[in-house]
Amino acid sequence: MKPLSAIVFKDIVIELRNKETISSMLMFGLLVLVVFNFAFQPTGAERALIAPGILWVAFTFAGILGLNRSLSIELDNDCLQGLLLAPLDRGSLYLGKVASNFIFMMIAEVMILPIFVLFYNLRFDLQFLQIAGLSFLGTFAFAAVGTILSTISANTRMKEVMLPILLIPLTLPVILASVMATSAVLSGETEGISSWLYLLGGFSIVYLVASYLVFEFVVEE
Amino acid sequence: MHAGDSPALESEDIRKTFGHFTALAGVTLTFQPSEFVALFGRNGAGKTTFLKIAATLMRATHGRLRIGGTDIREEPEAVRRQIGFLSHNTYLYRDLNPVENLRFFARLYGVADAETRISALLSRVGLKRRMNDPVRSFSRGLNQRLGIARVMLHDPSLILLDEPYTGLDANAVEMLNAMLDEAVGAGKTIVLTTHDIEQGLRAATRAAIIDRGRIVFDGSSRGAPVRDAYNEYVRMGVPQ
Amino acid sequence: MTSRVLGIASLVLMVFALYMALIYAPQEAQQGTPYRIIYFHVPMGILSFVSAYLLGFAGIMFLIKRDLKWDRLAIGAAELGVLCTACSLITGSIWAKPIWGVWWAWDARITLQLLLGLFFIAYFMLRAYLPDREKRAKLAAVFGVLGMIDVPFNYYSIEWWATQHPQPVLRGGGSIDPDMRLALYVSALALTVTCAYLLTRRLAIARVEEEVEYLEHLVHAHE
């Protein structure tokens, strides 16, 4: 537990110093909200229909930005090697990075969410909290896969470009489940929502365990 | 730290291939505590590969390696705790200052009484005055000084140094040498790779030459033999 | 030897499957002739999923054994996956045009198939950008395993998604004519054998490729 919290704490201290990751994620998320508004020019009822999709596109792309940024900190000066030299197993290292990626994404999303509610004329009530809860689950699943895939993509010659190519096909169930659950919350028809929540939970657990086991192969030279 | 009187490092027929390229073709070496070993060889001879395998960063294709009696495959975490590894890359976070960097590594290694130790080390490497500046602003020499502090932080019993003199100014070289001598005096083992034969032989008690993945010379570095062997090796000009 | 047997078997079976699909199987009441494409479309779709699992299996074996032969199997499986996915999507589109009136509908199965195709392509892109042979094998194996795990999640998410969206109806269901079923089994067998044959050929090529790479390495080493 101690090395895990050390990694998270270290990432937070770095972020407090340079403020680069969250600000760029936030800006990017905002731009997605704005661009999609222009692209679709939704009015009234339509807006509530397409809003969940737009929100998760914003979260997904902001998340990819955050994942790339988080890894580039470790690649700078070969810091990842320094972590690999430390007496913690590779699985714990993976969990540490998942934790810090998750926290960063959550912070950015918590800031994007109110703006989203405002832009799309939604309400700040129970719905808002429900969507925040959903984001929590969806983001965790996203961070679990994203952390290992960003480490894989860091080994390629294309680095940052490779991440979305690897990540989006694999996280489609997460995006789909999050969008559908968000729509259910927004439309108030929440009876079918539990299967989506189970899917997000199951996905997170399965990928967390699998990645924990194979992370060693990704980082060893 | 050593389990009884087991060797500091013991390798048995370590081989490493990258596809069709053979980086190590069977290296068998045993280093005892308090030995100061200089490992010579040209680029691509396999020096760095050997150190990386010993440091558990790389997995050998074949062979066994024990550090202080512990197999690196069986208990890699225990092994890593005993090792200090310094290369030309310092593994320091540019956005953090020296204290924050060392504090992070101290937590990873579970160093007891970290603050006192960090403070003492920073004075030792001459970074006390810069301890609140981010590493980003450091010159190569200062960076390497902090790198040395990072390596010594958890009091490793086996110190692996891969070309540590690259980019160091004269003062820092002197400081590093003093720290290494002190470590050897305290019973630690040092393995150092370098191109610089004079620096390598300065304090080494043993020297080995590695060429195309094989140990071609291994012996005491006291006196002329190693220098002759090295000169011979260089003169032969083995095809790259 | 195995390869030759599979080659001859696939030739014979393919001819037989063509007969079964085009002549033996009865006409479908509503769709007429176009329906006959399912004898190729359905087995190709199933084989693309088999390829994904084969890719994941080869990945696990490589990570355990560290033997490049498993990586060669992974390449073969992934290429087969691209082939089967492409065939299944193309035949699906050809069928959809006369029956649904559109080339493409975001039907659950089509979407799933497309996603699987994208996964295989991503797999090859990853390989293409990994310079070191061993690292390429290792990271591709990890990605293959992660992709294999993804298949059931994709399947369920898209199935559930489709049930909440209006879409063209052709959910199999009900009973299928026994002659049609037999024809489907025969063509499935024929295509499976053909794919197995292609895989053995691909593995042979991969071995030669590796030998060439080795010889090139030797030549460079002595320059």
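We call the chains A, B and C, going by the order they appear; numbering starts again at 1 in every chain.
Here is the rule we use: contacts are C-beta pairs under 8 Å (C-beta built on N, C-alpha and C of every residue); 3 or more make two chains touch, one makes a residue touch a chain.
All figures in this text were calculated on a predicted structure; none of them were measured in a lab.
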| item | value |
| --- | --- |
| Centre-most chain [mean C-alpha coordinates] | A |
| Result of counting contacting C-beta pairs for B-C and A-B, higher pair | A-B |
| Most widely separated chain from subunit C, with each centre as the mean of CA atoms | B |
| Centre distance in Å when subunit A and subunit C are each reduced to the mean of their C-alpha atoms | 31 |
| Whole-Å separation of chain centres (CA-atom averages), subunit A against subunit B | 38 |
| Chain centre separation (subunit B, subunit C; CA means) in Å | 50 |
| Residues on subunit C engaged by subunit B in the complex (per definition of touch) | 132-134, 213-214, 217-218 |
| Residue ranges of subunit A in contact with subunit B within the complex | 2-3, 5-6, 9-10, 13-14, 17-18, 73, 76-79, 81-89, 220-221 |
| Residues of subunit B that touch subunit C when the two form their complex | 18-21 |
| Complex interface listing, subunit A residues touching subunit C | 145, 148-149, 152-153, 155-158, 162, 165-166, 168-170, 172-173, 176-177, 180, 192, 195-196, 199, 202-203, 206-207, 210-211, 214, 217-218 |
| Subunit B to subunit A touching residues, read off their complex | 52, 55-59, 76-78, 80-81, 83, 85, 87, 89-96, 100, 104-105, 107-110, 134, 150 |
